[in-house]
Structure formats: structure tokens, C-alpha cells
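Can you read through this structure? Questions will come right after.
Order of writing sets the chain letters: A, B, C, D and E. Residues in each chain are counted from 1.
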Amino acid sequence: MNSRNWIYAWLMLLPAFVFLIAFTHLPAVTTLIDSFFTTAKGRRPAVFTGLGNYQKMLEDPIFVKAMVNSAIYAAITIPASIALSLAMALLVHRSFRGVSLVRMAFFTPTVLPLIAVANIWLFFYAPGFGLIDQIRLTFGLPSANYVGQPDTALYSVAAVTIWKEAGFFMIFFLAALQTIPLSLREAAAIEGCSRWTFFRRVTLPLIMPTTLFVSVNAVINAFRLVDHVFVMTKGGPDSATMLLLYYIFETGFRFWDTAYAAALTVVLIAILSVVGIGQFFLADRRVHYK
Amino acid sequence: VDLEFYFPVAVGGAAAGTIQSLTEDYMAANPGVKIDAIYTGSYADTTTKAITAVRGGNAPQLIISLSTDMYTFIDEDMIVAWDNYVTADEQKNWIGGFYPAFMANSQTEGKTWGIPFQRSTPVLYWNKEAFAAAGLDPEKGPANWAEMVEMGKKLTVKDASGNVTQWGVHIPSSGFPSWLWTGIVAGNGGLLADDTGKNVTFNSDAAVGALESLVKLSATDGVMAPGILDWGGTPKAFFEGQAAMIWTTTGNLTNVRTNAPFDFGVGFLPGLTQNGAPTGGGNFYLLKGSTDEELQAAADFVKWATAPEQAAKWTIATGYVAPRPDVWETETMKDYVKGFPQALVARDQLDYAVAELSTFEGPKVTQLLNSALESAITGQKPAKEALDGAQAEADAILSAYR
Amino acid sequence: MQTSQAQIQIEHVSRLFGQTAALDDVSVSLSKGDFSVLLGPSGCGKSTLLRLIAGLDRQTGGAIRIGGEDVGDRPPSMRDLSMVFQSYALFPHLSVAENILFGLKVRKVSKAERLARLDLVAAMMGLTPLLARKPSELSGGQQQRVALARAVISERPICLMDEPLSNLDAKLRADMRVELRAIQQKLGLTVVYVTHDQIEAMTMADKIIVMNAGRIEQVGTPEEVYARPATIFTAGFIGTPPMNLFPGRLFAGQDGLPQGVGDAQLIGLRPEDIHIAESGPEADTRGIEYLGADRLVSARLGDTDFIMRAPASAPPPPARFAFGWAQGRESIFDAATGARLTQFDHPTASNPKKDLTHETA
Amino acid sequence: MIGETTFDRILIRGGGALLALIWIAPLAYAVWAAFHPPAFEARFELMAPLTLDNFASAWSQAPFARYFLNTIVLVTMILSAQLVLCTLAAFAFARLEFPGKTFLFTLILMQLLVMPDILLVENYKTMRALGLVDTIIAIGLPYFASGFAIFLLRQTFMTIPKELDEAARVEGCSLLGLLWRVYVPLGKPAMLAFGLVSVSHHWNNFLWPLIITNSVETRPLTVGLSIFATTDSGTEWAVINAATLMTSAPLLLGFLLFQRQFVQSFMRAGIK
Amino acid sequence: MQTSQAQIQIEHVSRLFGQTAALDDVSVSLSKGDFSVLLGPSGCGKSTLLRLIAGLDRQTGGAIRIGGEDVGDRPPSMRDLSMVFQSYALFPHLSVAENILFGLKVRKVSKAERLARLDLVAAMMGLTPLLARKPSELSGGQQQRVALARAVISERPICLMDEPLSNLDAKLRADMRVELRAIQQKLGLTVVYVTHDQIEAMTMADKIIVMNAGRIEQVGTPEEVYARPATIFTAGFIGTPPMNLFPGRLFAGQDGLPQGVGDAQLIGLRPEDIHIAESGPEADTRGIEYLGADRLVSARLGDTDFIMRAPASAPPPPARFAFGWAQGRESIFDAATGARLTQFDHPTASNPKKDLTHETA
């Protein structure tokens, strides 16, 4: 490799980084700084509080609740959406009759705006006249208020997330599956390799780069995907679906307590950095690229 | 003068067109003024956009936003009072001409900060067919809470396997339960906050009693579906025969009128001990950061827009409650009411209306109340405990302002 | 020695790729325990035929039987065969050992047996020191040996090999030839083997199938194919250098040539069957190529170029020499159809069939 | 497929069909609600009358034609900028060695985490300083450099066989030539996937465009759509769904046409 | 004929992969316009050396000079060379024509010239009907020809080829040999060529570089390497089959063998230099292999196995025969070091250098 390469590398990175720094990193640093002040209100300027906002967090029951909810939500949606998306990609990456319809079905979450779709899911979940209840009623089951009960609300919201995420990730798995040379499948077929074994021993290792990509994104999205919470539950009932990001949003853009929101954001980024980025650097070395 | 004006729409798309045409009419009549009316999504989006613009140093002159945002805006120091832009005469006749119930959310510290415009109040709708089927008088809705429960029991229908197919009553509790809640408490003779925006009384006896009654609707009376009931799905539940009586805003009148496959009645919110209802909706605010001349021009536009003819047009187009008695006197309005007498219920109820919960740190404080209500409704906590908790937390927040 | 029981029957098989026919009505039957070699120019359809037998591809016409049964519906794994791919098809993420053991693991062969077989095969292929490496860390030849090992270790009754030795050096290739042939004999495998290397074809094959442009030109033992090519295509394809073809009239009436050979016939003579005679038609030397053991002399007789092989130990030929040939070893073809005219064949004593494999290298 | 038994097939196709049914249910419902009068929003009767009124009423309530145009300009601009910037960066991360690589890549991953929505106020200030408030370009700028795209393309580029890279370099390709002639074509499935995602994301993005734009000339579709998403007076599923379908239709159609190409094999026999 | 100007100089070059040394202190200098062939067993480092010259890999020690300049810092594109990869490295997304033209496009050669050169090269490689296909639609040999065409069309002064003909059939390979050699001569290319095929090495090389386990064993003309292997490794590697090695004592005191040859020496004899004599030590025939033109006879003399090549036209040898050899053609090695003992070399008339390439096939 040429020793001048690093100059080229930096030149190639430069344009992207100009934008990244201007619109992400600098504002993020401002956010970090803000988190050490109180919120400036028109009548009261911001004052430095050091870790005051962070201390406040510890005594904030909604924050604690949001953390617990986020953890549960992540534990459900991450594995489920990865597994499902992979299964869907495997299903549709070769053709059979009706495949375009099935593909289209799996694409829908990507195409339809979550805000609009959330309303539709709200209809599915609606007690009494909702789709699920209509089905339940034909089987003589009692009506259920999925998003209106604290014990089911979080799972109902998580189901929508899985619906959205699986369809989204499927696209990347689909792209990755195409890069597996046909000859490997043939070699395995001759060895009498079952679908499952081939998947586990060949496909899976070979799409590891994508799986890593998807899983890092799944982790991040588990904390990031809250659009439907706005429409479906607004964090309720009784904070049962209060997720960390939704709480940040509420604090920052409903309560206009921007400093506290900044502190919450710092916590969120810290968590994600440890989990998401840590996961990446741990796994990247073990992934087989070629 | 060039003016910018942010407005939200919360009742369906036609409203946006009406506002646009209102501004165009005004500009046609006042060639010196150019108003750029910018549609800014929902109330929440509008607030976000306005505050972002203010913080970004790019504030518009005029916005319509929730009446309950008043303290927030004051706290942000982003609005100016109207008093500087009205003559003494206007002070009396114009500002003084709005329903006091609406002004309750628009004035504090002795100044007027908001001008009522797209205002509403909740009412009770009932399904006349269901009433008839249950052997009730279809022309008479419940006059009070007890009657509502009574009728509700008759209206609750179960199928062979014991599953309810029609509930007696549906009081939505998702999103912003505090609004209807204000009405229930008022109906029990209580108030949630005073007019300084610095004190709340979440756990008054009236409130605790009211909440216990509300919880009982599902828990023991068995007339309402358990859990949090979705606000947006409420009219649908009504149309589908899932609920025989619903509580929702007068803003839904047009919707119900066009979509209900049955005859319906509209009545006051049934009170526990008296009549009571909250007001809601949006006010005009003047934003800081512009010249006096611009603000004066903006104020003049608002005066025109709330004048009887314009306000009547607006009310008819949207279903909002006309904010001034003189609007109801216009010919246009009279014709409208003649064909649609239910529209009068909201107006008449205004006599009993109280201000919607509005305090400093309003959204935060309201959120505390909402959580408390939700936890009681879903059976997580007893009413008293829930409200005591909310009161304590709200006091903690508001003490900073006292 | 060979059972004549047909193990693989190819019946009127065609394979079209769009308009192109990679295989065109091919029929041949391969006996159990036979080592059959597919030989033919690049792109003539050898790999395609192999893939059809393996079930990796589907013929557009005709049928394939294995052990008498039509296997049209059977997936590759149910055909009980192993295969070495021309492109190796190694799993890039698995080590050499894992690549080799892939099939055994899939078939849940016990660990002890796996390891025993691995040791044996790895030693045979000279892969023992490389077992822990990834394919990307191997040289081309090493990769090819891994692919070969993967097929050999499976001990399936049928083994298909697509140019399995093409990237190996001469010495190793010679060793592998012997090894492969020995394994095949020991296990009684039915092998279908694609190669470009005529030495491989000659030394290993029980039967050579010469293909050209999607069709079969000739099927026969190495001796038959070499000594009595059925067509001028085979004559021109087999042998390094291949058979020289002379218009009949050049020799018309010469000694040892049957009556009636003239312009309508072509006379085929192998380079090694031509020599410098005392007398005869004069040929002009045009170039000499050194091959180590031999010299190839390009020369011209009349207006026909030909090549003669002479031992390198003999002095190089002069610029002009008298053309002579080993009489009775000529092949005579119809110039128009290209087909061998068998009526002119001499009754030669058939060459002794090789009876064992030798440590030739 | 090679090695598939009938049992497999039934199991897989059956499971797949069920999955597909669940996944398409929202879309199916949207179609149902959009083409029937509101009375049938929750009543699924075969003989329900069909209507286009919902579309008509949705279309009449906002200048959708203009919004369509704005949105198309917006997503085209964002996607092109993203592809250029992120391909360059991803290539540097995938195949070049340089000091600070790990650190810079961490910054990229950071961008995945930092939600642009949270930085609204800061970004608004920046746009105002640049004098770009109420322009289409301002909607796009914060998204031009996408950590997501860089990460995805890096992962893809790293799986491209080294031999192809080497062959191109021997043939005299400069670094950019290599990128353009080898990595971009071979990374096409991933780029298509990203394009798909980027287009639909920005097609549907709402909050930032709402905040940074003020006029009909700059606003994207979602703002028009949001008129219907309000819940203050009950959800009008029929009109919402008509509007949703109307605005998503170009995407849906695009994907239907596209999917064949998208799943067509690009690299079957890459190298030996 | 050869300019002795060194075009490529390899100076003490090593390449370690972790612990393994793929190349170990290799030095050799390749002259301008020379056709140099790298020959050696699989895994000996040939591809590695080629990649170092191309600049695709970096040596861990030593220096490489091209045209006198140290190219350590130059990227492959600045080394002005072309390369044929062992794995073809065809771009799967480009058609055959686009693959071939890839480099010309990169270098912005005018369209007219591109097309002209494409026509020429495609015709030469027999690719004309395939130009529109994708690599995945080609047979192995066809792919290899595309890779070759891509290198040939570039007309760079240096061309590196890694087994460019290994997947071609014998006839095509023979044609390509001639073509390649002709192109090389015409353009005065400096070619470095890796092959396993000894015929290729013998017929094409100006210079053969024999490698073993990361080291160079011998550098010389084909004649030198064949007739006078410098080590027993070369002796045992070159030739198909290779040289037979006999312990000196077997012949000690025999006619024609120099004095002093005994147990400390090994005597090398090529199979074609052994024949059935009238009298001499008795050898036992152990097997016979038919090769078409010849027969390879495996036999044993004393306890040493050896191979003798006999023309297939002669009758097969009897079970026992008298061992004879072409005297003066033996090579004598030190049994301990494996090095050739040049003091025993006969002053043979050097073989005539081939002066033109022939249409041998």
C-alpha cells in the first residue's frame, strides 16, 4: 500500500465529515454542554448546575420507568426483528409463484410512513370494533384493550416495531444474500447439506458483515424508533410505553426543559455507545469479510 | 407590512383552506398588509416550530396555539400582551366581548395574552336508536352522572358468551385525559388550578371523588370498557355501536353528523353534582421580536378575524364554538343554528365552563396529572394515592414560580 | 475387470442456454466402476454435462439415469455422488480442515471417524500442514487439492471431477494421477472426469469420451481413441502434437497405402510415426522446437505443413529430408465427411491393456 | 431450490404466506378504508360500495401536486448527495489504511445514535445563519452525510473479492477509478437497498421539514399529509388512508417495478 | 538476441505470512524482452513473487527494481504492467468485451482504437462470438481466455501471467503458446510467466526460473534446466516423467561413467535416455503405461525403481531386460547436498537455440 494513501483517505472522508460535523457532532457537543446548565427560560437565564440534571434523573420515577421499558422493548424487538427479517429475506430472495406479492408485503413497512401506519395499527388494536377484536369475537373471545392496558401496551407497541423493523432489515439481508456465490450452494447441495445446515454453516457466516450492520442498527433503533408511540400511546397508559427517546422528546419539545432533555440525551448516547459501538468493535474483528 | 402567521389545524384539513381564504380576504381589503399564513401541523408541531423559530431568532409575528400554552410562552418570554395594541375602547368592547370562560385561559397577571379563536368544549353525544332499543327516551340524554350510569347499565349489551358488544358510555382517556377530566371535576364542584398558573389542586376532595366515580364506571358499574380508551377512535366506537354515549369535543359535530348511521342527540356533560365543562382549543398570540408597527398590524388582523362575520364563517366551516356572543347574533349564524340546533349545546354549556388546566410548566404538570389519571383508570393505584402523588410532584415543580 | 453394468446413462440429453446449445442430443452410458474421461475443446459442454449428472442443472431434453433410475426429480444430495468443481467452490469462511470435513459433518459421521479419514486424505493430498488455514491463504494449487480432498473423503460411489488437477505442477499431478486412480480402483468408484490434459486422459481413463460443440465425437478406450480416431476432429484433437492430416493424393500409389486412396481421402499420421527415410518424397524443415526429451520438427510436404517428432538425442534434421512413415499406422478418413474409413484399417494387435497403475511421474 | 423437499416447501411457503399476510395487513386495510365510505372503515363486507370520495377530499385539502414536486426534488437531491459522499467515505474506511481510522469510524457510528430530531433547534440556528430557512436544500443538508450509508457500504465493500480490486489496479485504475468501476457496480445491491430506504425515509420525514419550511413552494408531501393525521377530533381512517395511499403510491409502484431488478443476482460467478 | 539490460531486478526479496516464508531471500534479474517462466511445485511462492512485482503485495524484505528504479512506493497502476490472474479476476458485472476493454477505457484510449484492438484480440483468443456475454455464462476455459485477452490488449511493456493456460484444452493451449510467444516477440514484451506445464515452459521460455519452497533452485535456458539440472530437486521436478536417480554404486565402474563415481553420488538419467540394451545389468519390468505416442515402462534396477520411455510403436518390453543408457547424457549429483557435480559434465554441443516459433500443436 502506498504511503500517501492516507492523504487520499482523508480527502475522501472530508466532504462527508464536513456535513457530519456541522449537523451532528457540533450540535451534539452543544447538547452535552447544555446538559450541565439549567434550561434557559425567557425570564430566567441558564445557570451552571454541574451534574444537577443528572442527579435529577436518579430521582425521576418516569426516567427509571423509561429505562426499564426501553430495556424490555429492546430485549423483545432486537432479536425478533433480526430473526424475522432474515427469515423473510431467505424466503423471497429466490423466485416462486407470487413472490413479488410476498416481497411487496415485506416491503410495506419501509414504504408506508410509520405515523400513518400507527393509526392503522391503532385500529387493529382498538377494543370492540378493531380488527383483532373482530377476529377474537368471532371465536367468542372477550374483547381486549391492547394499548389501553398497562400490561399489554408495551408489547403492542413492540409488535408494531417488529413489523416495521423486520421489513426494513430484510432489504439489507436480501442484498447480502445475493453476493453468495451459487457454486457454494451447489457444493453444499452435493454434500447432502440440508437447507438449515447450509444456512447455519455457510449462509450465516457469509452474511455476517450484514448481520453485524443490521444488529448494530437494531440495537440503535430499539432506542430510536418511537414515531408510533406519538400516535398510539403518547407514552401511556401511566408511562407503560414510556421509552427513553420518547421521554427525551417529551421533555425537550413538550415540556421545553431542554437542559434536562440534553442530559437525558447524553445518557442515551452513552448507553448506545457502549452497547452499539462496543458491539461493533467486538464483533467486527470476528466477522469474515473475504 | 409583511407578517408571518403560524397556524395549526386540529380538526381536519378544510380548516386550513378557511384560514388561507380569511387572510386573502383581509389582504384584499388592506393592500398595505401582506400576511404569510403558514400551516404548521398539529398544535404540538406548531408550538415546536414557534419555539424553534424564536430560539433561532426568526420569530413570526402571530401564531395560533393552545390556550394552555400561555404560561409556557410567558415563561419563555416569547409573547407580548395585547393590551399595548388595543385602544381603551377596544379593550372594553373587543376583549371584553369574549365569553369569560374562554378568557379564563387568556389572561393572567392582569394582562391579556391570548385572543380566543378556535375554541371548543366537550359535550356528550348519545345514540338515539340505542336508547330506544334499551327502552329509554331517545330524546333525552342523561342530565347528570347518576343518570348516565343508570342509562349506561341499560345500554350495556352482552352477547351469548357474556362478551360486551355495546358499552353504555365511552369517556376517552388517551393522550390528554386532563381535558375531559377538568370537566368531570368541575361537575363535582372542583377546580384543578387557579388563575396564576402557580397552584394546582389535583387532590381536592372534589377531584378524588370524581376520579373514584370515573374508575367505578368500568370497575363496578360495568358501563364502560376497562383500560385507556383511545381519543381518536371514540367517534368510530360511537358509529360502530360499540358505545351508546360518548364524551368528545364539539369539534366532532360535523364528523358525527355526516358519519353516524343513526340519529343522535347532543347534551351537556353530565355532572356529578352540577354542570361543568372545560374549554379548550387555540388562541392568537403575538410574538416578541418584531417591530411595534408589525405587531400592531398583526393585532389589527386579529381584530378583523374575530369580528362577528369572520368568526361565524370560521365556526361554520370548522365546528369550533364561536367565542363571542355577538357572533351568534349574526344572520349567518342564526341560519346555521336553525338547521343544526345541536350546535347550540356547546354555546349554552359555556355558561358552566371553566378554564382548561393551564399552569407554568404546563405540559409537564399536565403530564403528571394524566399519568395519575391513567394509573387510576387502569387500576394501578387507588384514586387518592394517584392524585396525591401528582399533587406533590406538581407542587415541587411549581414552587419555583411562586 | 470392468463390470459392464451401466451406472450412469445419458439418454438424448440436450441443454440449451437461450439459443446456444451447450449440449445437443448427447447419449452415452458409463459403466459401474469405470473411470470415464470427458475430453474436448474449451466450451464444448463438459462442465455442463457434469452438472446435469450432479443434478445442479436441469437438461432441457432427454433423461439421465443413475443405477437404472431416472433421476430427473432427485436433488443432488439424493444422487449419492461427490463432485470437484472447476472453480473449487471452497467455503471462504471455513478452514481447510472444515472445508474437507464439511460433507461428513453434514452427514453426522462420528468425530473419531471424521478425524481418521481427514488424517488420511490430508496426508494423501499433502495438505496436512495447511489444515488450519483459510482458503484465501492458500495458493491456487493448494485450493484445488482441498476441493479434491473434499470429494475424495466422502467415499460416494460416484465421483464427478471437473479438471481437478489443472492447477497442480507436473510432479504433483503425476502423483495425484496415481493416487486418484488407486483410490478409484480400491473403492470401485465410478468416476466421470473432465480434463484438458491428454496424459491424464490416456493414463487414467478406462473410457474416453471425446466431445465437440455439444456433441459426442467418439467413445473408446485410450488406445482406440489415440490409434484409431473415429473422425478427423478426434484425430486433430488428441495427441500433443496431434495427428497430421495429408491429402490422399500426396501419397497416392505409394508403397503400403491401400488401393483407391486419392483426393477424396485424408491420410492421418501421428508425429511420432513420421521419420526421416532413406528415400521418399522430399520435405522441407521449417522450424524445430525443443521439448527436453524430444524435438518437434515442423516441416512441409507439398503444400501441407506437418510435424514430426524426433528424439532430442538424435541430431536435428537437415533442411530437406526424405519423408518416411511407419507403415500400417496411418488412419484414413473421408475428406468430405471427416469420418474414419474403417475398411482401410489394418488389423493391429490390440495394445496390451494396462493392468496396474505405476509409480510413473 | 436445490435440496428442497416437499415438506420443506409446504412448511416454508405456508409460514411465508402467513407472515406475508400479517405484513401486508396494514396496507390491505389502508386500501380497504380508502376505497370505501367511512361507514365501512371497520366493517368488512364484500358488497360494500366502492368510492373515490376519500381521495377527492384528501386531494382537495392541500396543494398535493406542488408537494409531490417538492418531495421528488428533495429525495433526489438527498439521495444523490448521500450516494456520492457516503460512497467515498465508505470506500476509504473499507479499503484504505490511514491514521485516525478507528476514531473517525466511531464518529460515524455516533451519527447513527444521535437523532437529528433532537438537534432541531441547533440545526435551525445553523440554517438561519446560512440564510437557508425555508429552502428545500435546508431540509436535505443535515442528511447529506449519512452514517447509516457509510456503515452499510463499508460492510458491503469489505466483502468484495480482493482480486477484482487488484485486477483493476493493475489495469491502471486510480483510486477513484477503482471505486467507480469496481466497487460501485459490485456494491449495487447494497446501494439499491440504501436508496430504497433513503428515499422512503425522506419521503416520509415530517418534523424537520415542517420546522425548517414555511411555504408551499418548499414543503414536502408529509406536511400535506399531516393535516389528516390529527387526532383532536377523532381519527378519519378513510381519508387518512386515502391520503397515505396517494402519497405512498409512487413508492409502492416504484418498488413493485424495482423488486425484480433488486433481487436479481448481481455477482453469480464473481471469481473462481 | 536478448538484450542483457535488466528490466526487472529482484534483490533479496522475502515475503513472510506470519511465520511462514512464502519467499525467502530471492534474487534474480529478468532481462528486457525476455520470456521468463517461473516453475515450481504448488505453494512454492510463484504467485507471491508475481504479486510483489505487480505491487499488489509488499515484500517484507529486499527490493524490487523495474527499469532500474526501486518501485517500492509505486502503486500497481504506475508500474506499467499487465497481469493475468490465476483466479481470472473477471468483473462479474461487465460483459466479456467490457472486461477486455477495461484497462483501455481507464486509460482513455480512443474509441476507434479500442474497437480495433478488441477485434484483433478477440479473434486471436477465439472470443468473438462471446463478447456480449457475462463471465458467469462462460466455461472455465473461456473465462481464462478473457483474462488473457485483457492483459494482451493493454500492450504494456511488462506482462505477468499466472498460469494463463491451465484451463485450456491441449489444442487451444498449443495455439495460444504460439500466439503468446509471437505477441511477446513482436511487441518486445518482458513476460514473467507462471506455469505448471513443462511443455509451456520448454517451448516458450527464454529463461526458466525453478523455485522450491520459497527459494530459487536454478535459473537457466530450457536446455540447461532440462539437460543439466543444477540440483536433484530440479532433476526430479523437470521432465514428464522426471529424471531417474540411481545410486552411483549401481553403475560404479561401468563403461562411460567417469572415475570416482560411487555411493556418494547419484546418477541421473532421463527416461528417454534409457533403453533396452543387448547386454548390461538386468532390470525387471513392473508395469507399462500407454501414452499414445509412447509407452512408459516402470521397472526396477537393483532396488531402485525407474521409468523408461519407449515408443508405442515398438513392442512392449519383456519382463526382464538388459539396462542400457545413452552415454554422456547422464547427470551426476552429490548425494549429500543434492548439487550437481559439474566436474563430471560432458562437453556437449549446445543444443541449437530455437530461432522462431512454429505452428506446433
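The working rule: contacts are C-beta pairs under 8 Å (C-beta built on N, C-alpha and C of every residue); 3 or more make two chains touch, one makes a residue touch a chain.
Chain identities (UniProt): A, D = ABC transporter permease subunit; C, E = ATP-binding cassette domain-containing protein.
Predicted model only: the values in this text are computed from it and were never measured.
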Neighbouring chains shared between chain A and chain B, ordered by label: D
Busiest interface, counted in C-beta pairs: A-D
Closest chain to global C-alpha mean, per-chain Cα centroids: D
Whole-Å gap separating chain C and chain E, where each centre is the average of the chain's CA atoms: 22
Chain D-chain E separation of Cα centroids, rounded to whole Å: 55
Chain centre separation in whole Å, for chain D relative to chain A (CA means): 15
Rounded Å distance, chain A centre to chain C centre (Cα mean): 58
Overlap residues in chain D, where contacts from two or more other chains coincide: 2-4, 41-42, 120-121, 161-162, 206, 226, 229, 231, 235, 237, 266-270, 272
Shared interface positions of chain E, touching two or more other chains: 75, 87, 140
Shared-contact residues (touching 2 or more other chains) in chain B: 48, 175, 232-233, 236, 240
Complex interface listing, chain A residues touching chain D: 1, 5-6, 8-10, 12-13, 15-20, 22-28, 30-31, 84, 87-88, 91-96, 100-117, 119-124, 126, 129-131, 134, 163, 166-168, 171-172, 174-176, 178-179, 181-183, 185-186, 188-189, 192-195, 198, 209-210, 212-213, 216-217, 220, 224, 231, 245, 248-249, 252-253, 258, 261, 265, 268-269, 272-273, 276-277, 280-281, 289-290
Chain E contact footprint on chain C (complex, rising order): 17, 39-43, 46-48, 86-87, 137-142, 145, 162-163, 166-174, 196-199, 202-203, 222-223, 226, 236-242, 270-273, 286-294, 296, 298, 305, 307, 309, 311-313, 316, 326, 329, 351-352, 354-361
Interfacial residue positions of chain A with respect to chain C in the complex: 181, 183-184, 186-194, 197, 201-202, 205-206, 208, 288, 290
Contact footprint of chain D on chain E as seen in their complex: 51, 54-56, 75-77, 81-83, 85, 87-94, 102-103, 106-107, 135-136, 140, 143, 150, 154
Parts of chain D lying in touch with chain A, wherever the complex brings them together: 1-4, 8, 12-13, 15-17, 19-27, 29-30, 41-42, 44, 84-86, 88-89, 91-93, 96-99, 101-102, 104, 106-123, 126, 141-142, 144-145, 147-148, 150-152, 155-156, 158-162, 175, 189-190, 192-193, 196-197, 200, 203-204, 206, 222, 225-226, 229, 231, 235, 237, 240-241, 243-244, 247-248, 251-252, 255-256, 259-260, 262-270
